[in-house]
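Letters A, B, C, D and E name the chains as they come in the text, with residue numbers starting at 1 for each one.
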Amino acid sequence: MSHSSTAEMKVYRPPVVDIIEEGDELLEVAMGPHHPSTHGVFRMDVALDGERVIRLKPVFGYLHRNHEKIAEKASYLAAMPYTDRLDYFCSLTNNWAYALAVEKLAGIEVPERAEYIRVITAELTRIQNHASSIGFLMQEMGASGTPLMYAFREREKILDLFEELTGSRMMCNYMRFGGCRVELPTGWLAKAQTIVDGLPGFIDEIEALLTGNEILMARTQGMGVLKPDLAINAGVTGPMLRATGVNYDLRKVDHYGIYDRFKFRVPLGDHGDIFDRYMIRILEMRESVTILHQAIKDIPAGPIMDPKSKIRGFRPKPGEAYGRIEAPKGELGFYLISDGSGNPYRYRVRPPSLINLTILEDMCLGQNVADVVLIFGSVDIVLGEVDR
Amino acid sequence: MKSTEEILALIHAALPAANVELVLNPSPCAQHSLRVAPADAFAVASFLRESDELALDYCSNVTGVDWPDKEITEKVKVTQLVDGEEKIVEETIKRIEPGYLESVYHLYSIKRAHEAIAGPVVLRMRTINRTDQVQLPSLTFVWRAAEFQEREVFDLFGIVFTGHPDLRRILMWDEFEDHPMRRDYVDPDDYEYEPTPHDEVLKRAEQQSKPTGVTA
Amino acid sequence: MLGEGILKGLGETAKNFAASFVSKDRLTTIQYPEERAPVIENTRDFPFLVYDGEDKMAGLRCVACQICEKECPPKCIYIVKSTDKKPDYVGKPQIYPARFDIDISVCMSCQICVEVCPFEAIKMDTEFELSTTDRFGGLLYDRDQLARSNQHYHKIHPTEAAEVDARLAEEKAKSEAKAKAAAEAAALKAAAAAAAPKPTPAPAPAPVSVKEPTA
Amino acid sequence: MAVEDKLKIELGKQGVFVTTVNEIYNWGRKNSVWPLQFGLACCAIEMIATTMARYDLARFGAEVFRPSPRQADLMIISGTITKKMAPQVVRLYNQMAEPRYVIAMGACAISGGPFKQGYNVLKGIDRYIPVDVHIPGCPPRPEALIHAFMTLQAKIDAQPLTGTERPRHLDAAAMSEFPVPTQGAHDLEPPANRLVWPLPAPVASGENCG
Amino acid sequence: MASSPYFSLAILFLAALGFGLAPLGLAVAWAKLVSPAKPNAIKNAIYECGLESKGDAWVQFRSAYYLYAIIFLIFDVEAVFLVPFAVAFTGLGISACVAMLVFVLLLAEGLAWAWAKGVLTWA
């Protein structure tokens, strides 16, 4: 891993594409808040020379719902349902990240069975998030409908599991500080096992449909390439970082939860282009299936909640803590400062989607506008987490 | 990974002139932090990133924290002449501790990710006060990850990061003037009518008219 | 050869198309108004107030302690306490809510009110067909629109309702046992006072205090 | 000449269809309501799930999501309208061709929902544009969105062609321009559009509605 | 009048035309008569993703796009010339085929030259 020398540190931005001469008229266009390709309300001010992108300024804030201000005025428990609405595809991993940070802040232990349930629900969330993000990427590539229908058919099965367990399809509000809220309903594990057995078939179907496809390969290979040291320096995490070949997966690095008990591999790419990010998400889905098999097989009986932990009137001692997990989109972190009162003094969410977009302009310079849509889709962001 | 004390020693060894001190964190997770003087923050940051032993090449999180002016009432033992002879008298004096804004950086190492893991290395920087001197050096040139996060801290807290390549508001619209995440921010008065009003909205509802639900 | 990947993809969709005539599980569409998906037991949409017995007002379990109003994250519950009291299921006079409004256009159905309610008075309903054209009339539910019978609660969440009823019954039994014990103790003391009439004035009869059900 | 339903059904069995211009007009429009491709937040994901295979919105003639407002007649506001996005939403509504309808999907679109205490959140879109159907829920289930479609279709069906009850787009005097709020130093100006904001009766009489 | 061979053809043509234009006419009449036109400044503004559109679209753009269009036009017109040839194809001898082949190959050679010159590279 070559480290950029100090001199190079000053060269902070790659030079603007050099084919234009001064005085050339550029077409200023806004791929604005209401645009089919922007996964929600996100705006890119693009300067075009013909179809090639010369300048790209992302504009955020159209979904800034003041999550942190509301959480600082609410109690620790009342902030938990708001974490569902951060990355509204993966509410259970958001809950887990927040619960982990509070457990670090207050030093609470989590019983065995709750750890297993957390791993099972997190891996199910990862699978349905990767399937949806591949479906949306193909939708932007022109395969409108088919891959997204297959992905959402699988997602509906997983959402039914979440609804049986937590009561809501997308907004689970399931984890508490020191464990989980509700015991697994009878027969839930058996249903989960049947769905997990069906997943390899679904992943093979998606791979047969997409991986060998010449149009997909032509449009994604060599497109939006990201260098490893720029990725590390820009704080990119998750599948995008591992697509550049950097072996950094928090489940292996941070040893949080009980991931050390499960045997699973971390897929790494070598070009860092869109095809690698697509393949990494497919392989990560397969790894999640192996984790799920092991977790469902040897989940122990026992309490799901640490008896000492209180739901109402939870007042951690003064101090601060930064807890992070490997969310499907990258490293999701919660930084909490407590002053001993009932609501957090400072409540900060480290959004993987926003920070992965730091180098969107570097990847898109010189590409065609149609490819900008693809590069942006391969970053896989959710606006609720970007703008908080 | 080393404990924070060892890292502090390393920094003092490499940059003796740097004004860095340890800040203890009473929480059980014991993620202690290093307070750096803004003047030599850039030097310390580049050292942390460039040193082969630490290799903190990944800046995970940049946060702004607002510490408003605190009014501290202390009980002070004061000797006083009370009707002719010395007596220790307890006196409560009120003292305003000047507030400040703080920016916190959480650093990790990806190059040394698979060695022993300890908590994040936490860098803190303080502004002089909360009103006019709110400048802090920007570390975007050391870790590009800080670019958008520093813009957000500028937008919501008002810390001006000197040396930032593109310091604009990132979340609020450009004509917005306040810094909404500060503790003393007052919400705009866009109250029209709420069927179930609470606390300050309830007060406003009572001022304007009986807080009637439609049915009552 | 070029195009092999595309043909494999087309083969995949063709297989799905052909198999949908044979195996029924490939047809996933639920024709909503006519054919509905089986309601999942744990589903939660909007809260409702539980009352025992037939009369809405008499059997209402809620004692207007306003814990749910304080804990509700989006603050969509508005309670006005009553001035008089009414006996609750144990027979102890309790305050009841004169007004209990929930603005379901603000409610985020997070069921924290159910979790923090010590009296099992508020539960989550599974009714979701609530789209209206009227903003204020149709979306602000007051106490009468919110109150549902315990049988309705048993119909939508059978297992959970059974547990709740068991707990309430056991609490009722405990408080009655305590009341009986207190009554016997009072009777014993009265008997002892009557058996040995000392010149000192008879001790005031111990006030019959029924222990508050575990709050 | 009102045609009794029994007679209509009877004739229908023999293959004779008796109808009025009004019924055909409403029948045609209600069964092909094209929504605008317009997702804001979490409710948009439930809206997409509604168009997918399991809860098929195509059965109501509404699976064609038009990206451009010129070709859409229904705007499903699915998600939180922040004060930074509000001018864009109102401008898009203005740029839609009449007859146009609005479904406020989810608690955030109706009243700001769980985020109503936020400083950057508009407390409900009916402060600037008229809303036809409100769907409570956070997010409402896909079936709730389909139920809202049926409510909207019932509302379209009941619209007479002439007379005082006729819909906005057939009424030359009805308001068709909804001023776009500008972003000021602290808040949107004006905070609400008085001509549209449906304050409930008892409070409207009070002095607060300015 | 009724006996001229083209009369039935004219009737069919008018019927086809009427079948095509009648719904359009009905729609235009309905729009004019029943539903009032209510234009306003915001509604007529240029749609740019919900924003006010800054700058104008009258800007220099790459000449390759213009050449692309011209080459397409050539082959479009060629197809029009092929239509009568294809209609009468069965009654024609070998000489007509050769003549048409020359015509097609001539244009194909033009396309090959343009391709070789790199006119068709889009980026």
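Rule of thumb we're sticking to: a contact is a pair of C-beta atoms (placed from the backbone, for glycine too) under 8 Å apart; a residue touches a chain by one contact, two chains touch by 3 or more.
Everything quoted here is computed from the prediction, not taken from an experiment.
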Count how many hops through touching chains it takes, at the least, to reach chain E starting from chain B.
2
Please report the smallest number of touch steps linking chain D to chain E.
1
Specify the chain pair with the maximum number of C-beta contact pairs.
A-B
If we define chain centres by averaging CA atoms, which chain lands farthest from chain B? Would you check?
E
Farthest chain from chain C, going by mean C-alpha coordinates, please.
E
Chain A to chain C, mean C-alpha position gap in Å, rounds to 35
Could you tell me the distance, in whole angstrom, between the mean C-alpha positions of chain A and chain B?
27
For chain B paired with chain D, centre-to-centre distance based on mean C-alpha positions, whole Å:
44
So how far apart, in whole Å, are chain C and chain D when each is placed at the average of its C-alpha atoms?
33
Among chain C residues, those touching two or more other chains are 28, 73, 75, 103, 105-106, 108-109, 136-137, 139
Can you list the residues of chain D that touch 2 or more other chains?
53-54, 84, 88, 92, 111, 114-117, 119-120, 138, 141, 200
I need the residues of chain E touching at least two other chains; which ones are they?
49-51
Report the complete set of touching chain pairs.
A-B, A-C, A-D, A-E, B-C, B-D, C-D, D-E
Chain D contact footprint on chain E (complex, rising order):
34-36, 38, 40-43, 45, 47, 49-52
Can you name the residues of chain D that touch chain A in the complex?
37-42, 44-46, 48-49, 52-54, 67, 79-80, 82, 84-85, 88, 92, 108, 114-115, 117-121, 138-139, 141
Under the touch definition given earlier, write down the residues of chain D that touch chain B in their complex.
83-84, 111, 116, 119-120, 123, 127, 183-188, 191-192, 197, 199-203, 206-209
Which of the residues in chain A come into contact with chain B in the complex?
1, 3, 6, 9-10, 12-13, 60-61, 64, 66, 68-69, 104-107, 230, 232-237, 246-248, 252-255, 316-324, 331, 333, 335, 337-338, 346, 348, 350, 354-355, 357-359, 387-388
Where on chain A does chain D make contact in their complex?
32-36, 40-41, 61-67, 69-70, 73, 81-82, 85, 88-89, 148-149, 152-153, 155-156, 169-171, 383-384, 387
